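The letters A, B, C, D and E name the chains in turn, as written, and every chain counts its residues from 1.
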Amino acid sequence: MSLIEIHNLKVHYPIRSGFWNRVTDSVKAVDGISFNIEAGETYGLVGESGSGKSTTGKSVVGLEKVTSGQIIYQGQDITQPANRRRLHYNRDVQMIFQDSLSSLNPRKRIEDIIAEPLRNFEHLSKDDEKLRVLQLLDIVGLDADALYKYPHQFSGGQRQRIGVARAVATNPKLIIADEPVSALDLSVQAQVLNFMKRIQQEFGISYLFISHDLGVVRHMCNNIAIMHKGRLVELGTRDDIYHHPLHIYTKRLLAAIPETNVNQRAAHRATRQAVEQAYQDQQARYYDADGAPFPLVAVSPTHFVALPADFAQSLAHAEQEVQA
Amino acid sequence: MPNKIDQQSSISAADLTRLNQEAQSEATPSTARIIWNEFKADRPAMAALIIIVGFILFVMVAALFIDTPKMMETNIMNYFNPPFSAQDWLGADSAGRSIAQQLIVGSRNSIGIALGLTAISSTFGIAWGLISGYFNGYVDWGMQRVYDFMMMLPMLMIIIVLVTIIPHYNAITLTLIFSLFYWEGTSRLIRSRTLAEADKDYVAASITSGTNQWKIIFNQIMPNISSLIIVDTTLSFAENIGVETGLSFLGFGLPSQTPSLGTLIANANDPNNITQYWWTWLPAALEIIVLCLSISYIGQVLRRAADASQRQGMTN
Amino acid sequence: MATEDSFLTIKDVSTAFKINGQYYDAISHINLTVHHDEILALVGESGCGKSTLATTIMGLHDPDETRITGEVDLEGTNLLQLDENGYNQFRGAKIGMIFQDPLSALNPLKRVEDQIQEVLDYHTTLSTAAKHDRVMELLDQVGIVNPPRTARQYPHELSGGMRQRVIIAIAIACKPDLIIADEPTTALDVTIQAQILDVLRSIQTENHAGIILITHDLGVVAETADRVAVMYAGQIVELGSAEQIFNTPKHPYTRSLLRSMPQLNNESDDLYVIQGNVPSLRRLPTTGDRFAPRIPWVPASEHEATPTMHEVAPGHKVRCTCYRNFTFPDEKGSDRV
Amino acid sequence: MWKTILRRILIMIPEVIILSILVFLLAKAMPGDPFTGSINPKADPAQIAHLMKINGLDGPWYSQYWNWVVHLFHGNLGNSYQYQEPVTRLIAGRATNTLWLALFTMLLTYAIALPMGVFAGRHEGKLPDTIIRFYTYVTYCIPFFVILVVGIWIFGYVLGWFPTTGSISITASGWLNTIGSRFYHILLPGILGALFSTVNIVQYLRSEVIDAKHSDYVRTARAKGGPTKDIYRHHIFRNSLLPIAAFAGYSITGLLNGSIFTETVFSYPGMGLLFINSISYRDYTVITALVLIYGILNLLGTLLSDIILSLVDPRIRIQ
Amino acid sequence: GCSSKSSSSNSSGEKGASLKLPDHYTNTKATDKAATRNGTLHVAEPADAPFAGIGDPNLMSNNEDNDVFAPGAAAPGSINALFISDKNNKIIDGGLANQRLDRKNNTVTITLRKGAKWSNGSPITAKDIEYTYEVIANKASTSQAYTADMNNIKGMAAYHAGTAKTISGIAYPDGETGRSVVIHCTKMTPAMKFVGNSFIAETVEPYDYIKNVPIGKLAASPQVRKNPLFTGPYKLDKIVPGESTSWSKNPYYYGKKPQIKNIVITVVSSNNIDKAIQSGKYDFTSPAGVMHGTDYKQLKNLKNYKIVGQPELGYGYFGFNVGQFDTKTGKNTLDPHSKMANKSLRKAMMYAVNNDAVTKKFSYGISWRANTLIPPIFDNYWDSSAKGFPLDIKKANKLLDDAGYKKKGKWRVQPNGKPLTIYFGAMTGTSAQAATYQDYLQQWHKIGLNVKFATGKTMEMNSFYSTLEAPKQNKIDIYDAAWSVSSEPTPTMYTETSVQNLGHFATAKNTQLINDMNSDKAWNDSYRAKIFKEWQAYMNEEAYVAPDAFSYTWAPVNTRVKGYSLKSSNVDFWSSLSLTSSSMK
């Protein structure tokens, strides 16, 4: 059984307008997505800005009011606040935020920040609590000095690690990491990514790793879902996505990743522009009449793509032939 | 499975005290301390602070030694005594009552009203703003309607009507009446800042840490707008010292036997008093101006200090 | 790349900011040239002084709060000697600038057209109609689909990519020789980023402008830059063509940066982490190699006392001698600070 | 736009209704009636009772309220007991006076405050800024009526430059003279009121200008090569002045409050003075009408501000 | 008629005031013809509020209106009056109309003078006399002037109740457009001889001019507000509502020709009146305007102004709460068990008050201690020999000791041993008044009486009266208030049935005396005067209501004004005025 199962999740934000300010329409931030996260894996969620990644992440951690659909954890639908409370859900599912500065309360000392979930879920004695905080700091590679300092006294990478310390404090099973490194410099990014991997190995945590940087996702994730317009357009293993992308949107995303190989940049640019052209031209084939992605169909046991079944099959065959 | 963490870290209970001490020695001073240090460094601000606190204490204590009913007795012989005379070094008013004594008791009353009013209206306004800003949806909607309604009320008029209705009103009732209205400014300020704060990720982090909403509002968000609160409260205090003067001037302020800065300044209502008997109103007017200026100066310093304590992080 | 056709020469430029009454160098002794038809990338971690260099060239610093020395020579004029009015002849006309945050860089209360037209007002004598036409042309040039519609809109009505295009339109309105783009794509998506970079490049080819592209994304550099200057702690540590920098990086800093990128083939391995942090302005070391504290295993003898630039290949320069025998320590870096 | 305004007005209706009930009850709760203490020792109690009746002062409050509302819908706010004339006519006469004074004060306020705020902001930290800031601090701390009382005493009585009572000289004839005389009468109260009410605008504007000066879009504008004065004109002033325009609506509240003081000190027959007189006379109909009108004006002021704001700031669309 | 003593001294010395104010200003300078013909007389009306602007004597309800429309009348306070009176307020011939009382037939005949005209030139008719009654008594009328005494006229009650269309008791011997009316009464009273009585109305209403306006709407109509008609020497030119009125000569005036081209009356805030006078903007303040002692202090030494005054038609008094009003029977009844029922206590309190000192200090002589409840302006009725209550602490203490109010600790207790706290009711007013009240309390404390302000402070006027007007109340035991009285001095407010009798005292003797004032015998003036004096003595003896202070009505008069005289014999106040200079002095 999967650690967590997301069934047909929808999050719509109402748009009010008209004379009586009624709800006349809605922003379909997340519009019916389903996927499962297995224990101990890192699940990547990729997509362009506004595609609904954060909303999905927040829904899973229980920060967002879900319009419809289920998120099943230990057999319970945790979209119900009552279920979340009963399960002490957030003890098991935690979150790391993109902006390390804003996610740490600037007026709280590090001790209080890291101890916050402990105080709510574990009720330790004062000394035990302090000890646990020190251990956590040690695990994320910070000195005990940090205990009584404020967040602003740390660098971006250190802050992000404090965020991680807080997230792992209660020994969670799943951590939602919403673009945890996109605000960081290259070297600091490396530091945090390494660190997240280590924690995962040591604690057996699963990640839902949200990012729009396909390079980072490739480095981190085993399974990847590509999101567009609130829906999933492609879903598969790292190999499926990076080596056998089927949906034009996935291809376009991949093509847009800047290539560090200077020698082939002209070629790379040409490919990218070709894919872009194809994306512009073939909208009608890849998206339904409303411009929304189709439902997912399976092309292999691990690989799903949001296309009409026959079209998906033919693409998959073509892909295999190229490989062969 | 707490042991999991124990396994991963080499730190054990034995190290606790040592590490704690190490951390303590490195501890960053709290915001309050930073502000205090700032004051210590800024001499004029410190002076203003000492003067204000000293003055308030003096007035509070000195007023205890003045028998107010006796002081307010008509003394025909001292009628409009000029200042610097033997009995009344600040002169006497139309009923021969000592201006100096009235000034002390009046300051006590006015400052008392200001303190009470600031305490009530700020507490209420802060709570209102925090709650309204944090809970969007129906709670906020309802609270905003109440706020809009209160804003629509012509405050001065309603206060005057209320004052005429209430038969036995005194400084406390007056404070309460003012409190009905004076929370609005604070609440709006706090609400808009709370709206911004509530959007920040640390609030989301607290929610996922299982902290309950009230704790989030008052333990997490409130400290972050504390500098705003401190400054706003100081400035309202400065403003509130003069709050009953206008009403007293119109004749709806404190009862005539309760001296206040307002009743004293209202002496200027009679043009003859303006020059001829200037001592009946001018000292009180000057006192208000000086108090208000000093307190707002302190407010500015507080704002600077609070900002500095927040800014520190950026330059480090 | 021969230096003779360079039109912008930065000579020994230092910029210091006043903090609590004292001046601290944010960039020191920068020497750089820019040529027509090239994109010069300026890379480095946050706080290395990239933006400071850009704004120094633009003369956007408050003279009361900064101290600038050296020479910025643009086609024979030393910009740093100019007064405000003199500078205004160059800003917008000869040098265009593109900013990082496209939302706050546009006046929220003015329509797009007015904001672009403003540059034309300052630097041309075109008729109103001609200006209007030029605005449409510019919007078209930066890849906006429906110029008349966009021209009438306000910044908040546009998407991030669109806004950045408008900023670019402003920067290129007078066909400047030099365009300084300070992290033009950091706030944008990969796909949009690619488009914006394409636009920049096409403009460069059309206008024969020289572009200084500031970024910390090595991928972007690899994709777009002709030459690269790597900055660390206010200094240029390595300068060379894109091929030189990516294929034969010399300076430990450049090599560290490249190594810390997630690579296709080492996905299961840890990434390389540079120890320590970029020092803050007030803690900048004044002598010796500024990067030395971050490669502590390199013996002091490897460093120069006063590091200078060494030409290791034509056009390829490296600061300090420490690059010569540089290797990464066996264990691939530590994540301890 | 029009729809939103209309909707806003609809939303106001319940507020106004609650206000009207509140005000009506408050007025009723005031001790005494318009005929208490009428010092005619021969007044007949039966006649007083009769007068109460024809003035609708008998019966339970809700029926009195209901009558009042019904009349209200016929544009009839009842009669003033004190002035023996329809409240609508009485207030209409006073309202024009208040309106002129308020309008003049407002114009003058802006005329003084805008240059001051802009100047202070532009020369932040320099001597003129320090002076202006000192002025705003001190003015902020002086009770308004002290300014009025000292002002009327110096300029009205001692120097005799301005009239000290009334809204117009009865000897003025011809429209030019009439307007002149009216203007002459509002000159001093207007100036004093403006000196006081500039404070907020100056402070606000100053900080707006300073913020704008350091904003990214001003940096963009400088990068365009615009001369400093153009940048000030097109960007800094424009952007900081536009939100100030919206103050106009909000300032109505302040002006109305101030009118109570100004009119009392200057014996200027406007709504503020009328209110104070009506309070001591227990002229309920006038009190209720005035509080209601002031409340509605406050509402409209807010609405006006919101409309102005949404007009000048394209980012804001009123909901 | 009995106007024996009319020495008409220009000093009011014998009236008890320490300050002597002349009642007229003898300006010896020559009239400046040009200034008088073309000039403007500026009159200031001291007021706290804009005036209401009701230009009709029967509908106006406050002093300010009376003052700003004063030039429409021959003398102040007599707008559109029918009669003139002698110095004792007795109606005499020679006014707009003459009055004949027929005691045998119980009729009053009023005959207009020949050729009398309104200020618009239309004739004044018999119907105009009658219409006054309609305006006052109409069911819809807003007038406060209707009194029970008017029911004495036949058919009046029916008209007032609305059951009759006309007043049957009023007849026109020579038609509605004729010159006389005959009023049929059920009984005749001596009060009818005097102006200001409450039986016979004394004004005319311009019937033709206002007949189309429903009486209920009259007060709001333009006929009354914008262009009211007058019978006096000046006609209204222009009115700025609430602020000022402007007057010019009325060519149709029957009496002495007015001399000044233009009169402007402007409302000036009472607060600022002295500053306004000092700055030389006004010729004088309204002859009946309210001026305070502090104003006098500020103005008395001005060179270019003379102070002119005469005793006020009114007085200040202390009232004691000694009973209640029975709403069923409509009568006041004395409660012998009430706190203030003890005469000695009341008198002791009065003797403890130092009104001589207080008035001197706070009113600068403009007020002085009153000795009776009839103001000195009623020469004939005022008992100048009455002692009143001069300060006498010893006597006060003795009275209390004798009555058994023993001291127990600081305060005296009631004879039955219960503690005694007395509540003093006083209205919020000027600072001088506040000081005065304080002084009263202090004086009472001196004789060991624990007197406190009711509600702990002075009361706002409305709360004060609404407390007192309750049929039964125990919040106020003693109060300080004032009456302004009509020119006919019968003290109707102290009758058994009056709701104005705020202390609710009622004794047979009092009822008897007041009835006697208007009994048949009282047609004899000296008898009437005797009864009045008896009543004054009785009131001083019982002290249910005790005199507090008399005051001057006074005005500063610019020295350029000639002919200013407040003498009651001066029936041509306004037309006597002229100017001696074109500019204000």
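Convention: contacts are C-beta pairs under 8 Å (C-beta built on N, C-alpha and C of every residue); 3 or more make two chains touch, one makes a residue touch a chain.
Only a predicted model underlies this, so the values are computations on that prediction, with no experimental measurement involved.
The set of chains in contact with subunit B as well as subunit C comprises A, D. Among the chains in view, D has its Cα centre nearest the centre of the complete protein Cα set. Simply put, of D-E and B-E, more C-beta pairs touch at D-E. When chain centres are defined as mean Cα coordinates, E lies farthest from subunit C.
One inter-chain figure worth recording: subunit A and subunit B are separated by 47 Å, centre to centre, where each centre is the mean of the chain's CA atoms. Once the centre of each chain is set as its mean CA position, subunit A and subunit C turn out to be 31 Å apart. Chain centres here are Cα averages; for subunit B and subunit D they lie 27 Å apart. Computed centre separation for the pair subunit A/subunit D is 56 angstrom, with centres defined by C-alpha atoms.
Among all residues of subunit E, those that touch two or more other chains are 272, 275, 460, 462-463.
In subunit C, no residue touches at least two other chains. Taken residue by residue, subunit B touches two or more other chains at 164, 167, 269, 271, 316, whereas all remaining positions touch fewer.
Those residues of subunit C whose C-beta lies close enough to touch subunit A in the complex are 45-46, 160, 188-194, 198, 216-220, 222-224, 242-243, 246-247, 256-258, 260-264, 267, 270-274, 277, 335-337. Across the interface of their complex, subunit D is touched by residues 40, 48-50, 52-54, 59, 61, 140, 142, 144-149, 198, 216, 219-220, 225, 238-246, 264, 266-269, 272, 275-276, 278-279, 460-467, 469, 482-486, 491-493, 499-500 of subunit E.
Of all the residues in subunit D, the ones that touch subunit E in their complex are 30-33, 35-48, 51, 54, 79, 82-86, 89, 93, 153, 157, 160, 164-171, 267, 269, 273-274, 277, 280-282.
Those residues of subunit D lying in contact with subunit C across their complex are 215-217, 219-228, 230, 234-235, 238-239, 242, 312-315.
Considering their complex, residues 145, 148-149, 151-158, 160-162, 164-165, 167, 238, 242, 245-246, 249-250, 265, 268-269, 271, 274-275, 285, 288-289, 292-293, 296 of subunit B touch subunit D.
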